[in-house]
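Shared between the two complexes below is chain A, which has chain B as its partner in the first and chain C in the second.
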Partner chain A sequence: MLGEGIIKGMLETAKNFAGSFVSEDRLTTVEYPEQRIPTAENARVFPFLVYDGSDWEAGMRCVACQICEKECPPKCIYIEKSKDKKPDFAGKMQIYPTRFDIDISVCMSCQICVEVCPFEAIKMDTQFELATDDRFGGLLLDRRELSKSNEYYHSIHPTEAAEVDARLAEEKRAAEAKAKAAAVAAAQKAAADAAAKAAAPKIETPAPKPPDAGGQ
Partner chain B sequence: MASTSAVTGADQIFILLRDWLVHLLPSALRPAASVVLGAIAIVAVFPGLFALTTVFERKGLGRMQNRLGPNRVGPYGFFQPIADGIKALTKEDVVPFRADAMVHFLAPLVLLVTVFMGFAVLPVGRNMQLVDMDSGLLFFFAMGAATELSVFMAGWSSRNKYSMLGAMRAVAQMISYEVALLLSSVTVVMIAGSLSLTEIVDAQNQYTGIFPHWYIFTPWGLASFLMFSIAATAETNRSPFDLPEGESEIVAGYHTEYSGFKFAIFFVAEYLAMFALSGMGATLFLGGWSAPLKFLGFIPSWIWFFLKVMCAIFIFIWMRGTLPRLRQDQLMNFAWKFALPFTLLNLLVTALWRFMGAGWLRWVVCAAILAGAYVFMGRMGMHRKHIGPRSYRYAE
Partner chain C sequence: MSVVETKAERAAGWNRPPAVEPEGEGELLEVAMGPHHPSTHGVFRMDVALDGERVVRLKPVFGYLHRNHEKIAEGASYLASMPYTDRLDYFCSLTNNWAYALAVEKLAGQEVPERAEYIRVILAELTRIQNHASTIGFLLQEMGASGTPLMYAFREREKILDLFESLTGSRMMCNYMRFGGCRVDLSAAWLEATKKVVAGLPAFVDEFEALLTGNEILMARCQGVGVLKPDLAVNASISGPMLRASGVNYDIRKVDHYGIYDRFRFRVPLGDHGDVYDRYMVRVLEMRESIGILNQALQEIPAGPIMDAKAKLRGFRPKPGEAYGRIEAPKGELGFYLISDGSPNPYRYRVRPPSLINLTVLEDMCLGHNVADVVLIFGSVDIVLGEVDR
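Up next, the complex of A and B:
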């Protein structure tokens, strides 16, 4: 009959109207500043720099290799290399960035810098409340503002951070093994040299080849 | 003004207040002052109601869509209209370069004035009527028809194809549905025997036992009320008849080129027209300011009137939250192929009711005719030409 569909539709909206006062589950609205839903684990906004330990400057993983700067499609990264060196996570001496700026007004969140970084030093952040009234200085982040601890990285991307940590630990272990092997070889060589010097002339014993450190 | 129930002080509080204020003035000024006070009351109360309605509408629509609606400005978002008003006032008033600036400026004013004029004859409570005109109903609909002029002024002067299309749609729609609106109101005039809205309310303000003699409780009254409601929805350009501003195809219709406070005036006028027509519907069919049950007569009459208006507004909002917009051809088909014949038939049924005299027989006969016509015309209207798969004569 004429009007049947209208009545059916009106009942449906009436059900919604009444139901929204009774059951909270119907309301899908998240009242944002007060309520938040946690961001998805692989959410990404802008990059940040990871540091180990408690001192951001000492623990910074970045070695100023400038790969990210060169790969960045919109060219929003600016790096200046240091003249001196500092030890990295495995104790090896590396140069470090004296300046590392990202202009997040230019950054397009493509994550290419993260993918090319050989040192697991740059990762994507989930912090999105970056509005500022200073559109030049306020959106140009320097290395202090970009530095976030490894613990923070674990808190925002736990799975990925665990994988990275495992990989770095493996690298560190390999590096230590290599160093130990090198030390053993050096000691053996020294001993052999001494023995050779003491004993009769010239029988060359080749030092055992150290295991390949692998790595990058 | 004669009524059976007791007139309390609370019922007449605004009349007493007005008389007290007027008596502070010299007697030569009193009639004019009385009218001015009444006009001020109308100009203050109905836009206030509009402000409240916008919040209720947005919250109600939100709830129908399982959202919360505005809840940021003030407690539960009730100061939202203040924020909206400030926003509208501080916006730039853009007039298109090639527009007819004078007409463009006048259109919203003409609309607002004609809409407000309709309230002059509306009895919002016992004795609460600005002008008790003998032909109040006629005046009301004359003013309602004048709004079409301003809509066309707005569309024409903007020099914008969307404005023009919107205005043409609006005029076509409003004129088509005005026929149904007027014909469904005429039934009440036939029974009440008067065009005076006071007398129409008085005719309904009687009770059998505790039940009132509202016209909606008769077969012809119910049919008229339904047709009146549909036509009123179309007259006020409300969903599902909001083609004149159909934003999905013609931006915003006739007020595309209006911004800032001129747009706000269009918006206010649309809601005021809703209040005016809701009030008129209540006056004609729902007993105006009379109480729905006899023992509820102690509640002031103006409360009943505004309750009825707000119920009508809620139904407007409810329909907006439910129904999709019609197509232009569906709109016109409904007006001319269903609404017009049905209201014409209803006129005949009303005449039958008038001359059959009291008794149960007229109830049965009138209800049967109307129900039969409704079902039959509904079937006819919903009957579609069946188009089967296409057959080819030569290319088989």
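Up next, the complex of A and C:
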């Protein structure tokens, strides 16, 4: 019969229309911004810099190695290295960035900077409501604006952040153990040297020059 | 042919003789459809010459969305091109990732672990389903069914995009595959959620078919319109659902056995007439076959690593050589041709986009039809301008 297909299709829409009053599954519209769906845990929108502790400048994990700057596909990262050094999370002296800019009008949130960072310093944010009326300055984020605490990182990507913390703690422990072992070895060596010196027969010779004094 | 002009045609310019003899008296009406026309899926222009309502000449004009993808890739590292491939065909970023990863893996001789292969198949088939659903939605939109079929398709697409987001972090620009595997592993919870979505898909396709397949208006508008003959389709190197709608049995999943597709049981739907209706029907049937593949893959997915142990992210330098990796993307054969000279960036990087090549027969399909049918035929080709212009 002509028109049968149309009637069948109309029935389908009628079913959906009526169904939207009774079934949650059929009512798919979310009235943003009054209603919001929680973002997925893996969601990513633009990178930020993680810092430990409460002071963003002292706790910044970034050591200005510039790997992200090199690997970034659209080249939206700009880094300037510091002349001096500051201690990192494990107490080792490291260079830090005096300037770290990300132009988020260029950034495409591809996450490659996060993947290549060996210091767990740059991570992806989930904040997407970033509209601004200043299209140049407002979209060029400096290191202060990019810095966010490790607690914030934990709040947006809990699973990933826990893994990162475990990895960093392991690294720190290894570094400390190494330092301790080095200290112990140095102490042992010093003790052994002293013992050897004490045991050695005294010969009257002029004291040798310290080996590293030559170039100074 | 419409895209590659002969020297004489170029000299004659727009004044070349019409491909179809105009009937009746009077001058031809020349219309530029696009580049800002809602039916052109982006920025694309069709210069048509009309004899009354009849199309006697059609010239596709593209390049409005040219973004220099290939040249940028030649100056960037292999990894840095991966997120750019998302932006070729922005409906199917995961299959684009796969095609590029496949080409690089061939070039570097990397192995992909079992689990990663399964993940790739699952994601590619989900991509195919959401692409075909929205293509049909857009086709109906262009036919004048404003909204309903498209919204039904988008409702389903939304569920699949949510899966993509929870796995890859992004809904459309997934940037998920890496050379020698995948970026992150999928969790048991994700697998459960996917099984739930896939279990609901047959009901969606049934609903979609009840809404559309038997519809008399759709049949009247689509049947016998925009016929593409199999020999022309093969000669013009058409691929994908458009080729199969013309009755040519050629599916790269079956022909090339890339990935692990030879392990799955699925059929290749073929059309008889090569008209718009066949193209619609082939897509619907392909969705059903994809659901079958998904069910098998979700059942069989093994545990194990997802990355080749030898693969490294930084400092990737494949040895000199060349490779062509191709897959059956939802729109057709998507291939990446790479030449390496041993440096960190490819010496030559070439994309074989299905959308562009499928567009080349547009004039042959449109001649003699009405203007309203041009919109329809164009919609049935299934293109994304990001991939046409690159």
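Following the convention adopted for this analysis, the second predicted complex is superposed on the first by the 173 of 216 C-alpha atoms of A that agree within 3 Å, B and C clash if a C-alpha of one lies under 4 Å from a C-alpha of the other, contacts with A are read in each partner's own complex, and residues count from 1 in each chain.
We take it that a contact is a pair of C-beta atoms (placed from the backbone, for glycine too) under 8 Å apart; a residue touches a chain by one contact, two chains touch by 3 or more.
Predicted model only: the values in this text are computed from it and were never measured.
Asks: Which partner does A:A40 contact after superposing on A: first (chain B), second (chain C), both, neither?
Replies: After superposition on chain A, A:A40 lies in contact with chain C alone.
Asks: Pick one for A:T28: touches chain B only (first), chain C only (second), both, or neither.
Replies: Both partners.
Asks: Considering only the touch criterion stated at the top, classify A:D165 as touching first (chain B), second (chain C), both, or neither.
Replies: The answer is neither, since A:D165 touches no partner chain.
Asks: Touching A:E145 in the superposition: chain B (first), chain C (second), both, neither?
Replies: Neither partner.
Asks: Between chain B and chain C, whom does A:G3 touch in the aligned arrangement: first, second, both, or neither?
Replies: both
Asks: After the superposition on A, what does A:D103 contact: first (chain B), second (chain C), both or neither?
Replies: Neither partner.
Asks: Pick one for A:F17: touches chain B only (first), chain C only (second), both, or neither.
Replies: After superposing on A, A:F17 lies in contact with chain B but is clear of chain C.
Asks: Could you figure out whether chain B or chain C reaches more residues of chain A?
Replies: C
Asks: Can A:D52 be said to touch chain B (first), chain C (second), both, or neither?
Replies: The answer is neither, since A:D52 touches no partner chain.
Asks: Starting from the residues of chain A touching chain B, keep only those that also touch chain C in the other complex, and list them.
Replies: 2-3, 6, 9, 12-13, 16, 28
Asks: Hey, which residues of chain A end up touching chain B in the complex?
Replies: Result: residues 1-3, 6, 9-10, 12-14, 16-17, 19-21, 26-29, 31 of chain A touch chain B.
Asks: Of all residues in chain A, which touch chain C in the complex?
Replies: On the chain A side, the touching residues are 2-6, 8-9, 11-13, 16, 28, 40-44, 67, 71-73, 108-112, 115-116, 124.
Asks: In the complex formed with chain A, which residues of chain B make contact?
Replies: Checking each residue of chain B against chain A gives 60, 63-68, 71, 318-319, 321-323, 338, 374-375, 377-379, 381-382.
Asks: Please output the residues of chain C touching chain A within their complex, sorted ascending.
Replies: It is residues 76-77, 79-84, 86, 148, 152, 155, 158, 162, 165-170, 173, 175, 183-184, 207, 210-219, 313-314 of chain C that touch chain A.
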